[in-house]
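Got a structure for you, written out below as structure tokens; questions coming shortly.
Labels A, B, C and D are assigned to the chains in the order they are written; within every chain, residues are numbered from 1.
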């Protein structure tokens, strides 16, 4: 079974390039096998073109290397903590995609300004607090996971499969490695459009017209439920890639 | 005949990718056969690469499935209402293309700021009112069509082949599925340039210079008539793709 | 000889796609043969993929069709007037490229903010006045050429090979069809960077720092002369595509 | 050995196209061989598609041509001065990449707003003072190098491998030609995201919320040291392209 997961995670990492989510080697995808409680993750600093399923690294939930000759992604400890805390997720994508990172750098949540957002994220995409100096110096990557989990104290990681780490970049997840990449694609599109919407609305404000308007909550509800959960009617009944997230 | 329409609609859906109008599966094109009064539309949640003419779904104007094993696009009821209300249109394209969606999210019409716009849209591209909570909860997709039709009470869908649904995204149409995609391409280009024009003019305003200027009405008239109607002289006499829209 | 020119003009039109300067069929390139005083130009409304040298249209300086079965570009009368007025130019490119068009729509000249600009355009890229209603209704395309020529009363078309038609889009020229496309590529890059520079400087202004600064005139002089004229030292001595414009 | 360097420099110049860093022929890469004290550089005005290792030009540190039939890049004197002043660098990339050039034109340093920046540049990317008229008219390219070196009086070129020449564009370097291109890729991404971050923060400021925040110095320290120097733990131990810069 891990062979299949290694293949999927390898493919998902390569999809980052196809979807223009990565520059150089700035991104990694992992997948989780809940039966064996093992994580398959990209090796650190290896270019996407060179990746093969055999080069994927397998680690357990304590970070012990189980298989693979290469060093795992330097962000592995963050992935680990998320798999341990957000029960049910099967894949995590971390990139420095342009507009997701812009919001992370601006340390602003991405407001829900339209149905594109509502189709994927059930509300504003949250931003973490900055790490303290101590958190950075002792166990930086694990603490990055910890501030994400802290931010989700009152949030449901199933309906909000993304977060912006302040001053850093997004982490995105989903029921599988492949779905976490799709959510990362959605996040980037939604961030790009939100920024331009806020800019165009800023113009209107300066001309005394109106301010950016959050999507009505009943439209958010409707669009999210069209695609997610038991009453979803988007996609094909048997089409797991569209209709049956979570 | 529907075989030809299925092929055209399939091709038009795939063109959405070629023209960079879609992310993931966020868009659909339909075509209408006025003789049989049947609609051919993309199946829901199926990726563009997998599409074949055989996978297209055929529905009648009441939404009854006539042919096809797959579920039609979740936006089918919106397409249906537009075909019933805007007599003469032969194709509809719905996407969440970046800049068209930005204007829809900003809930601002796209002003006519240049001849590129005038070549395709006879005036500002309108935006609908938001749907009420009741409209969202009862027959959401049909009501999306209804607010579009309501917005066109005093507009001609032949010379204004696009609308922005507030908080959602554009719907664009034309005499055929293929032409509706071309109009969606034009809309996206025009929206991108309008946003940047308004931003650059905002700068000028803040420096006390001048404000964004709508295109002179006589230039709008001239450019629209160069390409559309009986006095059009753009394109080749026999070239239906250029000279004989409507 | 016209066979060679037809081939070059066909190739130059296809280069518009390669350089991302055109959407749909929104652009045309012509070339001029000074011996025969004939213009070779793109046929109207034909897609770039379908173009062949045989489909190019030949017209004389009075607009009479000399060869070709297809209707010439609807902008032919503008090209004609420029060839008659700007002695020595050998090619003209007209596109609705994004950022050049944004400046045309904003009706603002493109200021010279850096050496990239100075390498190609000897000063700010000018914008025409708007056409009057009468000019639009009687001989619109010829009058578009006339307002361009009027704008160049005190400008040298050799060192300033581009203009923005107010509310419309750029016209760009050069010693050959191929070079006019290269200048159109340069214009688009320069326009995109100028807009972003003015935006970033606007931010600084609002924070009380400083305002956008035009390039020092002695740097403009230096960079333009590195690439143009008898003292040019950019490119290879025999490399006509780099060192010997005009 | 120069054969290997010629091949690497040729490849690095072609990578500029692959990474979308160049328009037309606006960019050049050189490599340095410290044993022979020779520079291998792109020939001037030659398109990237035509480049072969044999066409590369070899010059010494005084600018004397050592090998090659073509004229070296017109920026060769700038490269020379940097190799003489910044001991240990092995490659230099000069481009007019969009966002790097925007910051150079705005004459603003690129602030360190996130970890993407910190991963590559140890602090804000500096901007030079403008050249004086005399400096432009006498030995322009060498003086461009001189103002860069002057700007680095209190900066370490190993940990800050890039500079913006005021009103011009970036120069970027690294331990090899290939690494200098990777740093140029990083610079462009970082510049694009910084500009958008500053714009989005400007909006927040105008709404009274907050201002752009520089990355905490301890996070800058952490991220730079994750990738650089003896305690680096990013990438593979034997993977020179990731873990062992300088």
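Quick note on the criterion: contacts are C-beta pairs under 8 Å (C-beta built on N, C-alpha and C of every residue); 3 or more make two chains touch, one makes a residue touch a chain.
The structure displayed is predicted, hence computed values, not measured ones.
Engineer: Based on which chains touch which, give the shortest step count from subunit B to subunit C.
Structural biologist: Between subunit B and subunit C, the shortest chain-hopping route counts 1.
Engineer: Going by average Cα coordinates, which chain is farthest removed from subunit D?
Structural biologist: B
Engineer: What rotation angle, rounded to the nearest 5 degrees, superposes the C-alpha atoms of subunit A onto those of its identical copy subunit D?
Structural biologist: To map subunit A onto subunit D, rotate by about 90 degrees.
Engineer: Counting shared numbers against all numbers at the contact of subunit A and subunit B, is it over half, same, or under half, different?
Structural biologist: Subunit A vs subunit B: different; shared/all numbers falls short of half.
Engineer: Subunit C to subunit D: how many Å between their CA centres?
Structural biologist: 31
Engineer: Compute the distance, rounded to whole Å, between the mean C-alpha positions of subunit B and subunit D.
Structural biologist: 44
Engineer: Which subunit D residues touch at least two other chains?
Structural biologist: In subunit D, residues 199, 206 touch at least two other chains, as defined above.
Engineer: If we use the touch criterion from the header, which chain pairs count as touching?
Structural biologist: Result for touching pairs of chains: A-B, A-D, B-C, C-D.
Engineer: Given the complex with subunit B, which residues does subunit A contribute to the contact?
Structural biologist: 113-116, 119, 182, 185-186, 189, 192-194, 196-197, 199-201, 203-204, 206, 210, 212-213, 215-216, 218-219, 222, 226, 233-237, 239, 241-243
Engineer: Can you list the subunit A residues touching subunit D in their complex?
Structural biologist: 23-26, 43-46, 70-71, 74, 96, 98-99, 101-108, 130-131, 133, 136-137, 140, 167-169, 195, 198-199, 202, 205-206
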